[in-house]
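These notes open a run of structures that come right after.
There are two complexes below, and they share chain A, which is joined by chain B in the first and by chain C in the second.
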Partner chain A sequence: MRTFLIALALLVVLALVPADLTGLGLPYPGLKRYGTYILTLWLVTAIAAMGVNLIVGYAGQETLAQAAFVGIGAYLTAIAGKHGVPFGISFAASGLLTFVIGIALGFPALRVQKHYLAFVTLAFSVLCWLVFRNETAITGGVMGLRDIERPILFGLKLRNAQTFYWFVLAITAVMTFVLWWIVQSPWGRAFTALRENPLRAESLGVDVRLYTLLAFALGCAYGGMAGSLYAPLVEFIDPSPFALGPSLLFMLMVVIGGSGTFAGPFVGAGVAVLLPEWLRAWETWYLLIYAALVMIMMALFPGGIVGLARVSVRKRQP
Partner chain B sequence: MTARLEVRDLSKAFGGVAAVQGVSFDVRDGEILGVIGPNGSGKSTLFNCILGQLLPSAGTVALDGSDVTGLRPSTLNRLGVSRTFQLLQVFPRLTVRENLILAGQEHRGSRLGRLFGARDAGLGPEADRMLEFFRLGALAHEQAGSLSYGQQKLLDAAMAFMSGSRLVLLDEPAGGVNPTMLAGLRDRLAEINRVGATFVVIEHNMEFVMSLCTRLIVLAEGRIIAEGSPAEVRTNAAVIEAYLGH
Partner chain C sequence: MTDLLQLLIAGLATGAIYALAAIGFTLLWQTSQTINFAQGEFVMVPAFFALIAMKLGIPYVAALVVAILMSMLLLGAAFRYAVVGPLLNRGVLPLVISTIALGIILKESVKDIYSAEAQVFPTLLPDRNVTLLPGVTISLAQIGVLVVALITIGGLQWFLAGTRTGRQMQATAQNPTVARILGVPVERMILYTFLINAGLAAMASILVSPIYLAKFSNGETLGLIAFVAAIVGGFNQVRGAIAGGLLVGVLDNLAAAYVSTAYRQAIPLILLVLVILFRPQGLLGRKEERAV
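Now for the complex of A and B:
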């Protein structure tokens, strides 16, 4: 009950962040269009990072293809949208397609697992990027796909940045709840067992191959659904955000936020999306400062920011 | 008495090294069979071949008359065989109670049912009973990794019984456990055996194994060199030779 109330309060706060509250007598003018865009981008990134966290943090596997799965969802939604397919169908299809690809990719790769699985996903990531860039007739190649429509929900156009943010927030809330449910269920316990001790897990009847495959495919599906939201958010897609570099960034987000912690992907996505924006004032120095901060955090707090927060709270307790 | 486990002519070679050579024995329903032998005699390799962790080079393993040779450990566990390992194998970041629930959850309902069902897979009361039985009740909500070595050994053993297995193979359950805790562990195992569980125990602690087991087999250089009651094995010349080297 306490968890539910905290989550609800957090949801209300997040819903109010971009809103102008001066009409209610509060001295808060809300966020401008760009600020709301960044906040929405944070939510979309967090969904994809939640998928990586399931694969890396809970199941103990590795993936270097999350951006490729985001790309598959984004291109599918953009192309389907141009053919008049409603967003709801594209969104579900993105999740389903990336889940199936995750199964197909993960099944042979499970024979090798861990670092080798990372190399398989690396190859897949490069393959996807080449398809996005070279299949010009379908993807628009380096020129990309422009004028991607935002969805219409029960006749309500989500063109406005704030309305679209609320829409994305609602989907993020549902997807967060679904993942929370999975992680809290016996499946989540089995995923943790895979990460901590696959040998013992197998001896206790946990089908290590099947659970690893499920975690991998579910994580990929989260990437695909994040991509489905990304396309109408940015309204223009090209291959660059779906290359290998962004996939590495997703891994980094999970590690910085706190691998295997539920809040980790949100914190990590926040660092990856919001920190560069705040540091932009330092112009060309910002990448250097960003990289230095990441290195310091990794060296001093290997449990990520959430891990650090937990240690701090524990120390304060009598 | 029927054979719960039948091992026939089991061999395992690693390159040119024969770790287990033509080992045959039965484990009878309801007994506690001890497997002893000097270091490197092939005890753990034998366990790993029986339990699907290693594929035997030759021979067969049958459970209640059905051939289970080479089946994966998870499949064997679901058929009613569980084990502990020589080195500690608990899940350090899960609580003690969660470790026990995890040990039994794959035997409860369907996989999809477990996703939508109760978080403890309906194993909460059973886990609590097991915690009390193994004197771990006060540590139920502690992370398993924070327990002492002896307590983790107890938890490791308790986990092997959560799925209601027909056969439990314990690999050095007494290793590193202090004498007080060891007596408690022996009593617990004997009590579980009295209600029908069948065990195979690999152990170096002779006092522990002699007082717990009803029958022993002795391995040396991958072969069985003696078999019988603890009293018979203790006075066997080949066993004395294998252990003392004269």
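Now for the complex of A and C:
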């Protein structure tokens, strides 16, 4: 009950962040268009990062293709939108398609050694990027697809940055709840058992491979659905944000936030989205600084920011 | 037919370079369970050591030696102690993340410190065509690449199988605990593996840079090909990595000639997927107990 109230309070605060409160007599002018855009981008990134967290933090696998799955969702939604398909359908289709691809990739890879999934996703990531870039007739190639329409919800246009933010926030809240429910369910507890002691989990009748496979596919689906929101958010897509580099950054962001913790992906996505804004002045040095921070963090606090926060809270109350 | 023969020889030459990168990758994995996601960058960087040395006025051959030594110092010893060392007992994920981050650091430093442009890199032998058989001409540079790579691989095989240290390294790779009981200095053997990996990466760098030019972003493709070669050949085998490297090199060259250049990069990846589907232990690999 307490968790539920905290979550509700957080949701209300998040909903109010971009809003202009001066009309209510409060001295808070809200965020400008660009600020709202960054906030929406944070939510979309966090959805994809939640998927990575499920794969990395709970199922103990490695995925190097999350950006490619985001790309599949984004291209599917953009192309379907141009043919007049409603957003709801493309959103569901993005999730379903990436789920199925996840099963198809994960099934053979998980038969073998632990790291094979990393290599299969690595290969898949590059293959997707080649298709995005080369199939000019469908994807627009390096020129990309422009003028992607924002969805219309029950006749309500979501063209406005703030309305669209609320729309994305609502979807994020639902998806977060679903993931929380999965992690808390017996199904999700099996994951924790798996991570803590795979041998014991297996001896207790947990089908390790099936659970890992489903976790991977579900994580991919979160990527696909994030992509489905990403396309109407940025309104223009080209292959570069779906290349191998961004996929690697997804891994880094989840671990920086704290893999295997529920808040980790949100913190990590926040760092990944906001840091480039703050380090604007550093320009090309930004990635270098970021990667160096990640390495130092891995050596000193492998639990990520959330893990670090937990340790410091525990220290304060002995 | 003669076209095919030329393509095959060119393929073997690039394949031998890929094999160098794949062998180091496999060795690291065997002895210290380190999956080096920065392996591609390890092959990209040494060429820039050589370029910097040449800028400082060091002659070509000496610059290559400097590049190999710098690579062994920084990408071998420093990598072992500063990056892998603190993470060895922390499980796999922190190490994976750290090598990914290291790859980004190496790539970005070359771009920011040296140049974002592709750099011309001199060849070992002049790029002159010689006629082998009537109608079959190959560039001397390619023969040079093939010979040097094969000598390096042969030397390594001799070292691993024919010397005491080499056999101790193999023992460490197969079973560190037993090796330690039998008096093998396991720590030192692991360091040697890191040094050898860096040396092989530097050799690959010197050989590949004249062909593809030296560029900060080369690591992505090279790393991917090294992974593919290692897995296709058999992850737990040095000779698997050699076979995998040669196969990928030949396929890559054939694909560039007969398949569209746009999808040339896709061929090794499709090979990887096929191998994982139908022969997951690799072409030359032994079946291993499945990791839980």
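Simple rule for what comes next: the second predicted complex is superposed on the first by the 300 of 318 C-alpha atoms of A that agree within 3 Å, B and C clash if a C-alpha of one lies under 4 Å from a C-alpha of the other, contacts with A are read in each partner's own complex, and residues count from 1 in each chain.
Rule of thumb we're sticking to: a residue touches a chain if its C-beta (ideal position, glycine included) is under 8 Å from a C-beta of that chain, and two chains touch if they have at least 3 such contacts.
What you see is a predicted model; the values in this text were computed from it and never measured.
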item: First (chain B), second (chain C), both or neither touched by A:A299; value: second
item: Contacts of A:P86 with chain B and chain C, given as first, second, both or neither; value: neither
item: Partner chain in contact with A:T284 - chain B first, chain C second, else both or neither; value: second
item: Which superposed partner A:I182 touches (first chain B, second chain C, both, neither); value: first
item: Contacts of A:A118 with chain B and chain C, given as first, second, both or neither; value: second
item: Which superposed partner A:R200 touches (first chain B, second chain C, both, neither); value: first
item: First (chain B), second (chain C), both or neither touched by A:A190; value: first
item: Comparison of chain B and chain C by chain A residues contacted; value: C
item: Residues of chain A at both interfaces, chain B in one complex, chain C in the other; value: 199, 202, 208
item: Touching residues (chain side chain A, partner chain C) in the complex; value: 56, 60, 62, 108-109, 111-116, 118-120, 122-124, 126-127, 130, 134, 198-199, 202, 208, 244-245, 248, 251-252, 255, 259, 284-285, 287-288, 290-292, 294-295, 298-299, 302
item: In the complex with chain A, residue positions of chain B that touch it; value: 51, 53, 72-74, 77-78, 82-83, 85, 89-94, 98, 101-103, 105-108, 111, 114-117, 119, 121, 159, 163
item: Chain A-facing residues of chain C, complex; value: 35, 37, 83, 86-87, 90, 92-98, 100-105, 108-109, 111-112, 220, 224, 227-228, 231, 235, 262-263, 265-266, 269-270, 272-273, 276-277, 280-281, 288, 290-292
item: Chain B-facing residues of chain A, complex; value: 182, 184-187, 189-190, 192-193, 196-197, 199-208, 210
